[in-house]
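These are the structures, in structure tokens.
Each of the next two complexes has chain A plus one more chain, namely chain B in the first and chain C in the second.
Up next, the complex of A and B:
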């Protein structure tokens, strides 16, 4: 049972990581605390349900089409609201708060669309979208979707980390968060890069949404809210903007919760996980992997 | 046009049935079968429904309001309240206790003659004392906590508590268990009625000779983190129980079922009435054979004529949806309220409370959406039915009917 629960914790930690990475990208680089991230995640699950109910397509195309749709939705948020807020406010903190409020508006809109289309009942991808099969090795049972989630998380996390830390565009994106005006004077296409970053963040929400829909089988419009709050805690514990910190914090929370489920009353899992988060923040207030290269103001 | 005529004829049948029931009820209570309404009633009687229109149980709130609205339209086209018309205002609790108390206070301070209370037990328990203090009838809908009605004489309930018919579940599950006669239950510890349902089911399983393995309380409603269902499935399977119960709400039903089947569990699965209204559809074949008990099911149409009538009306009014227990509760609640107004000849807050008391004292009961129904204490009672989910056809199959003569199934 202990080994099985360890596998469960790894898979769940991967799901949390996938979800948190998109949020981390937008917040850590553009200072956009996008509270619509959970709604984009559910929107992807809804699209997977709609597409798979009406069209038969390979799973990889289903995932890609949902990622593109949610990526475009996030880019629209940037073009319609976040860009204008960023340009209008001299104070970064004020801009951050305004973008957060704008994202609540987008979140409500997306939830309303999905709620009306589904009669607010639960939904999941058609059985034909992806056939879940399981393998038992010794005392451990693992499904093919478990493997897909872990592998995809590793690939995405490494790619994102490298893009943000090493690539020219990644560095340019980070400079926008630091000072968009100076970035623009240095020849960086601020608007284009911000839209690209939001597209990637939205696509990551879409990827997590579809994989989770297959993993748990059902979602509803409230599913994203619990993930959003957890992801928020992950980013704070990991250190805002740190991909490695987000991964470490996601697995930290997952293992803590799973241990409580395995060896204690399940309804203490949230309490124990958040108590540990509190302890971590008391010791390292800026998070486990806080960046030291520049100061968020 | 032909469709409209058919609908109108169905409406006429429903009206005739209702007036007959009301007249019979009045005859039993006051001896004056002809006086079904009073000229003292105002032209418009304002009622307010404080329901969960958004949030995790909004699918319930919307279905209840559909039932309330449809019944109100029917009543407004009958002579039940003379020339008076009912008007309904709907306020959204957003499935939050704090919002529920805020909007409930608004309803109390409005011109509403009575209030249809919120769905979630925690919301209902928080708002009922406000209604009692303001002396306005709170006809609770769906909230099933045992602690609700003792709050006071202005608190009534239109929904048959699942605690009255859940006792049928172990009797349906027991013969299906082929392995060890043991059971383990996971329940949403944040929903009081499910905590009570767990205790009741465990006692009944014990009485049937089952070994009850330690239960798993899990805070689902309003929890800050999503459940790790695969970890819960592993914990549920420990000790290889012959049957596993999932007492959850909303999408959690499908998520738990999917996790258990994915981990290789082949035993019997059962749950509670929150698994109704399409909540098991996303789980596909994994949920086939899931056992639960409900107050209303479309399969009751073959058992009780009044259920059949209601089912037909709902199907005609909302052709794209399957009638469900929440529609039924809304319908019955509006009729209970209108009948109370008619009986007391008053639409004042105190008058409606007196009318409900008259309904209760009549003891004749009424044929509602659930079949034979009664007001027992201040609680609506009905026989209930245990059903099995047929995943292929996405329908419920009635497998055990409750005894209409027993308010609580033994």
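Up next, the complex of A and C:
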């Protein structure tokens, strides 16, 4: 029983990781607190439902096409709004706030489109798009979907971590986070890289969205909000912009929430995330896993 | 007399709409006061919930409405002060996030403290104890207070705290004190909006003050412009009135207003009120030029720049 709960927590934590990584990437490098991230996530589930009910395609292609679509949607946000905010606003605080509000606007638009197309009912990808098979080992039941989610998460998280840390582009992206003006003087294409970063963040939201849609079978426009709020907690606990911190925090929170649902007062499970946000911000605002660094004012 | 009668009949037919608008105006003020002082706090929505529960439960216990509202305001002032002291180190998006979490935590408590708040059922059958006239007078009173707060020494000090804390500090402004002050005022305005909602619409639901209300209040303030309360009032008015009045825009209305939010946030940081001011100044400038006046504050640069000082 306890082992089964642990398996559930790990699978749930994997979806959360994928979701939070995109959010963390956008905030950590571009200062965009993208409130539309949850809507992109649901949008991906919606696209998977639309695609799979009209065309029959292999599951891999279904996931990839949804990822590309949400990635492009996020890149459009960057091109339409965030880029101009970055160019026009001298003060960082004003820019951050304006980008957050613009993302609220995008979120409203996406949610309305999905809500109207589905008549605000819940939806999920057609059952023909994938097959579920169960394996029981002892007292634990694992589906192939669980395995796919965990494996994909591990691959993506490692790849992202290495990309941001090691690759030339990744280092350029981190330099934007540190000081966009100087990076641009050093010959880094700030606008292009910002669009690429938003594309990656959106694609991660899409990947998480499709995998969750397959995992739980159905979702609606409010699903995104719940995930967004949990992802906030992950970002704050893990430290904004830290890939490894986000992974650790995602599993920590998913295990904590699963434990509260299974053994504690289950109504309070939502409170776990919000309480963590408040506590961590009060005690260690930089996040539990962040290295303290010199900050210029 | 006939005009008076027609005005009163207009008020009766539009009563619910006007009440809704005014409550949102109060809530938008709560966010605007904080933003104007440079505090990205959304805690007003949590205090909206606290205010509505406190006022409703006290009135149901037989308290007179005025006392109940004052008690709710006093309670939120205390909680607001404590929260401001706790969150003193946080700035910008981190503060927004912490207050966001506070709001949702209030919601979770409201949903689960069934003995006090009625849980998911909420509070019903609250005696209706505030009239439309009372609400209008309260709103006008708040507007007068906010005007006083935006002008004079206090207004300039708060602007200085927003624009540059370090500079304000060097001018012997105790920025922490002013930030606490603005935070408490913002909390109390949120509480007032919540109390009015409970005492006018006589029902509270646990999910009233949730994610959507936070986003809506913030959008109102940004769309209208957070530089002055006029912008917040305009934003609250537009976002409450248009969806009810223009039913023709129908289910796709949120797409338009989401798009408008994106455009205003990106291209008009002063909000609609800032756009209107700039437009007004533009037309005034045109008119001034026609009658040969120099617009104030646009002195022409000298035709020949002064020679650069030689460096010894």
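Keep in mind that, in the parts below, the second predicted complex is superposed on the first by the 278 of 297 C-alpha atoms of A that agree within 3 Å, B and C clash if a C-alpha of one lies under 4 Å from a C-alpha of the other, contacts with A are read in each partner's own complex, and residues count from 1 in each chain.
Rule of thumb we're sticking to: a contact is a pair of C-beta atoms (placed from the backbone, for glycine too) under 8 Å apart; a residue touches a chain by one contact, two chains touch by 3 or more.
What you are looking at is a predicted structure, and each value in this text was computed from that prediction instead of being measured.
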| item | value |
| --- | --- |
| When chain B and chain C are modelled together on chain A, clash or fit | clash |
| Partner chain in contact with A:85 - chain B first, chain C second, else both or neither | second |
| Chain B versus chain C as contact partner of A:281, first or second or both or neither | second |
| Chain B versus chain C as contact partner of A:236, first or second or both or neither | second |
| Partner chain(s) touched by A:220 [first = chain B, second = chain C, both, neither] | first |
| Chain B versus chain C as contact partner of A:257, first or second or both or neither | first |
| First, second, both or neither for A:139, with chain B first and chain C second | neither |
| First, second, both or neither for A:127, with chain B first and chain C second | first |
| First (chain B), second (chain C), both or neither touched by A:265 | both |
| Common interface positions of chain A, toward chain B and toward chain C | 229, 233, 265, 267, 270, 273-274 |
| Touching residues on chain A, where the partner in the complex is chain C | 27, 31, 33, 35, 80-81, 84-85, 88-89, 93-94, 96-102, 104-109, 111-113, 116, 225, 229, 232-233, 236, 265, 267-268, 270-271, 273-275, 277-278, 281-282, 285, 297 |
| Residues of chain A touching chain B in the complex | 1, 4-5, 8-9, 11-12, 49, 115, 119-124, 127, 132, 134, 136, 141, 143, 146, 216-223, 226-227, 229-230, 233, 253-254, 257-258, 261-262, 265-267, 269-270, 273-274 |
| For the chain B and chain A complex, residues of the former touching the latter | 54-56, 58-59, 62, 95, 186, 189-190, 216-219, 223-232, 234-235, 238, 250-251, 253-255, 257-259, 262-264, 277-279, 281-286, 321 |
| Chain A contact footprint on chain C (complex, rising order) | 35, 38, 40, 86-87, 89-94, 96-98, 100-102, 104-105, 108-109, 111-112, 166, 211, 215, 218-219, 222, 251-252, 254-255, 257-263, 265-267, 269 |
